[in-house]
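Same chain, two partners: subunit A is paired with subunit B first, then with subunit C.
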Partner chain A sequence: MTALLILSPLIMLAALGAVWKARPVHAGLLLALTLSLAGMLYIALGAEFLGLVQFMVYVGAVAVLIVFALLITRPRDEIEEIARRPKSVGPGLLCTLPLLATLLYTVDRTLPEAPPGTADLPVRRIGELLFTTHAPAVLAVAILLTAVMLGAALFAREPSKKP
Partner chain B sequence: MNPLAVLLTLSSVLFALGLFAVLTRRNTILVLVGIELMLNAANLNFIGFWRYGPPDPQLTGPMFVLFGIAIAAAEAAVGLAIILMVFRHTRSTDLNASNSLHG
Partner chain C sequence: MKTLIAQAAEPSLWSPEWLPLLPKRLVENLLEHFNAPGWLVSIGGIAAGAATVLAVFMTAFALLSLIERKTLARAQNRIGPNRAGPFGILQPVADGIKMLTKEDIVPAKAEKLLHLLAPILIVIPAIMALGVLPYGREWTPVPLELGLLFFFALGALTEVSVFIAGWASGSKFPMLGAMRAISQMVSYELPLVLSAIAVIMVSGTLSLPEIVAHQGGYHLGFLPAWHILTPWGLVGGLVFFIASIGEANRCPFDLPEGESEIVAGHMTEYSGFKYALFFMGEYLGLFAISGLGVTLFLGGWQAPFPGLGFVPSWIWFFAKLAAVIFLFLWIRATFPRLRMDQLMRFGWLALIPMSLLTIPAAGIWTLLHRAGHGLIAWVVTIALLVVPFVIMTVLFNRGLARSNRTYRFAES
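Up next is the complex of A and B:
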């Protein structure tokens, strides 16, 4: 509970920074910080394996995002983003705040008391479940990832000069 | 204070922040940042209900998170490839610049 109370405000602040920073590299770095802190929260809640997966996969993917942000942004983009802000913040808040209010109201009203006790997440059990109950889903994800790899390579390829 | 309520509040705020980024940002990379935040908020919910809900020997929550992380990685890869392709075409990461399907 202590870890939860310490990490929650930090995660919110980092996420706020990721949403507010105009420079894509800064936003990417703050997103990496948000996801790392979320990984720490998973570890603190007893899901150590998921915390490590979060670090390796998610934060790794975001690192690539940051590299892309460095590659394809120009200083002009940042100035345009800040100039556009007064026009976009109002409608954005108008769409987001009702949703947030509804979610918080639901959390407040419908939640049962949490039962005491700890849940543990043995890696052996995860492996067993992945290759028995969830084997079709694992195969589907494998096919999806192969398709994604081929598709991304195809998309990112330099267009050939020949017609 | 109920720990599950704290966790769900955190995930609600993260989701709302992600949605705000998706709606207000015009830079494609920053929109992708918002989408990642929203996906992570959903994962946080699964972990919260697994940890503070009734005991579940099938570990449904963590399994969802594992698959969710795999899907998020795939989404980031395809998203970045599309961004790169659009950038090659329009020389800009601005969403307003990509307003035509014409090749």
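Up next is the complex of A and C:
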């Protein structure tokens, strides 16, 4: 509980910073901080496997790639982005507040009904569940990610020059 | 409970097997003697244990920086550092004093906070990674159940800190170096993790002490049951060690710091103690990743021959670590630096396919061994690994012969 109380405000601050920072690279680094703090929260709450995977996948690969991609964007976009910001606050809040309310409502309603015995799940059991009961879902996600990667490669490819 | 374990497992305070744990137990006993509260005793023990690991590896770091220069010098028919002390043995001390007394320069265009943060962030994960390795039968500083995963999760932090170093310097060579370093680390982390997966499959655990315990015993009475002495383990181990050279940014994969190309990569704008921290982080990372390779494939602290059980197990670990690191020095002295496209092609077209092949090989190996067909397991896994390797090598060479390197960005 202490960990939750300490880490969740930090996570929120980092996330707000990620949205609010003017320079995209700062925002990207703060996103990495948000993700790693969330990983620490998982570890503190007893989900070590999830926390470490969060570090490996989200901090090590996703956040680094995001920051990397941001580097290549032109600084002009940055200035436009800063000029556009005050106007985007209202619509942004309008969109996110209902979502937040729905989330809070659902989480509040479903949380106490979590099945007993899921608190202390050994890694072996997680692996068995993923590759037996939930194997179709894992495969579907794998195919989806491959498709996304192919799509990204298609977009990133230089358009062939016409003679 | 705690005293029970201590009584059961403590033959003598001064036995060589327990020697590395001596500081920890001395501190604990001392605190208990003065009736310190339980939490203080455990914190004191943890601090003393961490201090032992740090002392060992800081000494090793200082020695390695000298041994590396000496070895390279001998390989190039030179003498190497020989002015400070006999045989230059005080050279690390001289280097340290020089580093500490140099001016700390922060470029005007740098991001001050991030520029300061990067060298710290690069040393912390390296030190943390050293904490989970099993150095001896009784000496694992932090025996984590998910040790292997923890190790790879820390590797992710290194990437971020290299990026921060490159970007916060606000200059072009660090930026280029960081871009090279990240693309290299992301590409070479894949074969590293994939070849470790084969080990996880066979030993059925993510805990590093248990992986070492799984490699105990001998085949036919003399051949140690290390993973590298199996077909899938040989391939996986070779891939792992090659990829770990790439992950540690060492020659021939030292493009991120190629002196003749981009000064010193992400470390260009660092001086004084911050530069020393980068240097230290790099060497500690090298120790950590070679130590992980020793743990996963070379049997960790297991003795190489039966009948050598009287030697303390941690001596075997450090002997193997020294051998691996000497191999890395030898490679550095032998091979020239690769080009960026060669590096990427080697990583994606050679290392990753081979490491992917070790996974089915390890699966078949386990299943056949469980069914009691040891000999068939050898034949099948060797065939599974050698045939694609030969085909790949032929295709690879043909592709290399045909491709004519064009300098896309230099010409236009």
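Methods note: the second predicted complex is superposed on the first by the 124 of 163 C-alpha atoms of A that agree within 3 Å, B and C clash if a C-alpha of one lies under 4 Å from a C-alpha of the other, contacts with A are read in each partner's own complex, and residues count from 1 in each chain.
The rule we apply is simple: contacts are C-beta pairs under 8 Å (C-beta built on N, C-alpha and C of every residue); 3 or more make two chains touch, one makes a residue touch a chain.
Predicted model, so just to flag it, every value in this text is computed and none were measured.
*Asks:* Determine, under the contact definition given at the top, whether A:A61 touches first (subunit B), second (subunit C), both, or neither.
*Replies:* In the superposition, A:A61 contacts both subunit B and subunit C.
*Asks:* State whether A:L29 touches subunit B only (first), subunit C only (second), both chains, or neither.
*Replies:* In the superposition, A:L29 touches subunit C alone.
*Asks:* I'd like to know which partner A:I6 touches here: subunit B for first, subunit C for second, both or neither.
*Replies:* neither
*Asks:* Which partner does A:V123 reach: the first (subunit B), the second (subunit C), both, or neither?
*Replies:* second
*Asks:* Count the residues of subunit A touched by subunit B and by subunit C, then name the partner with the higher count.
*Replies:* The partner with more contacted residues on subunit A is B.
*Asks:* A:V53 in the overlay: touching subunit B, subunit C, both, or neither? Say first, second, both or neither.
*Replies:* In the superposed model, A:V53 contacts both subunit B and subunit C.
*Asks:* Name the contact category of A:I143: first (subunit B only), second (subunit C only), both, or neither.
*Replies:* neither
*Asks:* Let me test your reading of the model: by the given contact rule, A:A135 touches which partner, first (subunit B), second (subunit C), both or neither?
*Replies:* Neither partner.
*Asks:* Please report the subunit A residues shared by its interface with subunit B and its interface with subunit C.
*Replies:* On subunit A, the residues that contact subunit B in one structure and subunit C in the other are 49, 53, 61, 64-65, 68.
*Asks:* Which residues of subunit C touch subunit A in the complex?
*Replies:* 114, 145-146, 149-150, 152-157, 159-160, 163-164, 167, 175, 179, 182, 186, 189, 206
*Asks:* Mind listing the subunit B positions that touch subunit A in their complex?
*Replies:* 2-10, 12-21, 23-27, 29-30, 32-34, 36-37, 40, 43-44, 47-48, 50-55, 58-59, 62-63, 65-67, 69-74, 76-78, 80-85, 87-88, 92-94
*Asks:* Subunit C touches which residues of subunit A in the complex?
*Replies:* For this pair, the touching residues of subunit A are 25, 29, 32, 36, 39, 48-49, 52-53, 55-56, 59-61, 63-65, 67-68, 71, 123.
*Asks:* Which of the residues in subunit A come into contact with subunit B in the complex?
*Replies:* Subunit A reaches subunit B through residues 1, 4-5, 8, 11-12, 15-16, 18-19, 24, 27-28, 31, 34-35, 38, 41-42, 45-47, 49-50, 53-54, 57-58, 61-62, 64-65, 68-69, 72-73, 77, 80-81, 84-85, 88-89, 91-93, 95-97, 99-100, 103-104, 107-108, 111, 113-115, 117, 119, 121, 125-126, 129-130, 133-134, 137, 141, 144-145, 148-149, 151-152, 155-156, 159.
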